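Below you'll find a set of structures to go through.
In the two complexes that follow, subunit A is the common piece, with subunit B as its partner first and subunit C second.
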Partner chain A sequence: MAGENPTTTEYIQHHLTNLTFGELPAGYMRDDGTVLTESMWTIAHGSSEATAMGFNAFHVDSLAWSFGLGLIFCLLFRAVAKSASSDVPGKLQNFVEIIVEFVDNNVKDMFHGRNPLVAPLALTIFVWVFLMNLMDLIPVDVVPELMMALGVPYQKIVPSTDPNVTLGMALGVFILMIYYAIKIKGVGGFVKELTLHPFNHPVFIPVNLFMELVGLLAKPFSLGLRLFGNMYAGEMIFILIAVMYSAGLFFGLFGGLLQVGWAIFHILVITLQAFIFMVLTVVYLSMSHEDH
Partner chain B sequence: MELVIIAAAIMLGLGALGAAVGMGLLGGRLLEGTARQPELGPMLQGKMFLLAGLIDAIPIIGVGIAMYLIFVVAPTVGA
Partner chain C sequence: MNINYTLFGQIIFFVAFVLFCMKYVWPPIKAAMTEREKKISDGLAAADRASKDLELAQKKAMDELREAKAQAAELIEQANKRANQIVDEAKETARQEGERLLTAAKSEIEQEKNRVKEELRAEVSAVAIAGAEKILAAEIDAGKHSELLDQLAAEI
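Moving on to the complex of A and B:
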């Protein structure tokens, strides 16, 4: 986003670029023409710089927003739990109780093993993912423009439109799945499940192993990509409607109307996706607790 | 440039096709199930929303990628 009036493509790309912090190699020519004499850690200006930073780069905005939202969730729920009373509960306490009960009922329905970790994990995932998705409903231009005025070049405020965040959470779930599968069934049981599952005969071990491994790896992958894809598509549509603001008063107003309509529909999507992420986590963990 | 747009069209069209069939089956079976056993209605509806979200995911991901192709990739390829 170099000039005062960006083209549509530049506008969209600006909205889809994370604030990246990473190390630029020595001898790299930056976008403003200066050549680095030695490698340095800095904030990327533009996607080519972000690409040059390679693997060891941090998406500062995703990290900050997701940590902040997680902190809001933890502190709010903790405060309510500490001050919970058995008198007539306040509105906030009612609200928190509804969420906790909702998650608790779902976990009781779907999880058949014994594990004190699963219900709190489900609650955390549900509320956290919901809060991260909720950032989608903030008008797309507000925060990035505000940050531009403060001198921050990029800001992508919906952490769940960053595949690093969603796949990171899915990876966390995957590690728990493997951990509990080995803990409950033992290494032997886990290996047996992988090798002898659909066809219980030693000849079929390679076939079984291939099928089960694909199934196992597809779980976290689809879990993370589903959330990412939904939020990314939703964000994309918000941005595209926002492009209409540049086409005069009539289209601007029409775009505003569309924006409201899509936002109202999106309330359903963000809740549903948070719920699905939670349900699938519980189901996957339940599967790794089942002993054959 | 044209090929990028055709790719986006195929992505949108086939995604919508599959999801529409799935949604139709899902809704139809929900009605059948609730007609047969009305007391299971709320439980089935909750499950239906979950599955609707699962079905919904693939076409909506397709929409996102297609929009990216049309509005970001296609102009840069054409220029």
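Moving on to the complex of A and C:
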């Protein structure tokens, strides 16, 4: 927590602030009153500094947790892949194979083209997003307080509550969508799809283009923002319930009960959101592969 | 919502992890699973085949057993037939041999009879001649009446 005795607002704000490393512009007055003579890269203290950094910043915590969780996925699955045999599988191999089979079946149901990228992509998204969402189930105070004790001012441990992370993945998917649309249909086919649908007449080209472009751009944004929104809201509810701890024994116990209930419900949400992200990715890519 | 460089960092991680998964994770796991599927289906097919083979073998064994039984019965029948035949043949030979012996004995008897008749004839003629000699004494010339005597003897 930011101060010794933070107000509720401070407490919530602290939990919603990323550990930001970025460039403060020249002439900015920092919290301690010093005015910067030239721009400098530093860790932001407080959300106002983070805002002042604007685009020239990194969310160190989001990147670290996202990378770490992705690494866990890669190493775990790589370990299984290395020792994978067609003999009777061990427990870990069995577990991994269940996930692989689940993803593979979903991809087979939804994606009818031939593309060796789609299934591994879906697997990566599913497991990685699930792991990132899973961080939501760690009690909200544990890691930030621990990091505070270690001298790190902020720590948001759920990467999927950072729009940069979810939109980053959605943009990755969007790039693949455009790439395959052009690769399969050709530039002409892709342009035709944007201009001659839904009204197949030259007069309607501007209307079609407007509608199709909005539809096309809405896909990655809805994809990224849906995950972000769900996880952010879930995290927010955990934080709000946690505020009850400071309101006496009765509310504290009641809050604990609510935390448990919400966490159990949230297991569903995080799995579902990971699944939805995967399914929509596959569906969008499948649409890119469809030749009219 | 602070959009910043984190976005690009995340895109880079995303690409890296997806590529890693596509290159080093998905193919070996999938290959192992496909191979196991094939193994299992092969095993099931082999079991099917084995049970079919067993059925066939049992059927074959039954057939052979039946055939062997039939053969044995046939052999016994043949042996019986042959035995009967041998007995019959033996009977026949015995009968023929008896007949042969009988005829031989008969012809011997006939020969003996003829020889005795011949002897008797000669003796009778001699006795007759001797009697006639004695009766007729000198009156009768043996040479003169031998023709008549021979005729007599032949009539006996």
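Please note the rule applied: the second predicted complex is superposed on the first by the 290 of 292 C-alpha atoms of A that agree within 3 Å, B and C clash if a C-alpha of one lies under 4 Å from a C-alpha of the other, contacts with A are read in each partner's own complex, and residues count from 1 in each chain.
Methods note: a residue touches a chain if its C-beta (ideal position, glycine included) is under 8 Å from a C-beta of that chain, and two chains touch if they have at least 3 such contacts.
Since the structure is predicted, the reported quantities are computational estimates derived from the model, not experimental observations.
S.K.: For A:T9, using the defined touch cut-off, is the partner it touches subunit B, subunit C, both, or neither? Pick first, second, both or neither.
M.R.: first
S.K.: State whether A:L209 touches subunit B only (first), subunit C only (second), both chains, or neither.
M.R.: Neither partner.
S.K.: After superposition on the shared chain, which partner residues are touched by A:N56: those of subunit B (first), subunit C (second), both, or neither?
M.R.: second
S.K.: Return first, second, both or neither, reflecting whether A:V279 touches subunit B, subunit C, both chains, or no partner chain.
M.R.: Only subunit B is touched by A:V279; subunit C is not.
S.K.: Of the two partner chains, subunit B (first) and subunit C (second), which one does A:A233 touch, if any: first, second, both, or neither?
M.R.: first
S.K.: Check whether A:L258 is in contact with subunit B, with subunit C, with both or with neither, and answer first, second, both or neither.
M.R.: neither
S.K.: Residues of subunit A touching subunit C in their complex?
M.R.: 18, 20, 22, 50-51, 53-59, 62-63, 66-67, 70, 73-74, 77-78, 80-82, 84-87, 89, 93, 96-97, 100-101, 104, 116-117, 119-121, 123-125, 128, 162-165, 167-169, 171-172
S.K.: So in the complex, which bits of subunit A are touching subunit B?
M.R.: Contact set of subunit A toward subunit B: 7-9, 12-13, 16, 225-226, 229-230, 232-234, 236-237, 240, 269, 272-273, 275-276, 279.
S.K.: Which residues of subunit C touch subunit A once you look at their complex with the stated criterion?
M.R.: Within the complex, subunit C contacts subunit A at residues 1-11, 13-18, 20-22, 24-33, 35-36, 38-39.
S.K.: Inside the complex, what are the residues of subunit B that reach subunit A?
M.R.: Those residues of subunit B that touch subunit A are 49-50, 52-54, 56-57, 60-61, 63-65, 67-68, 71-72, 75-76.
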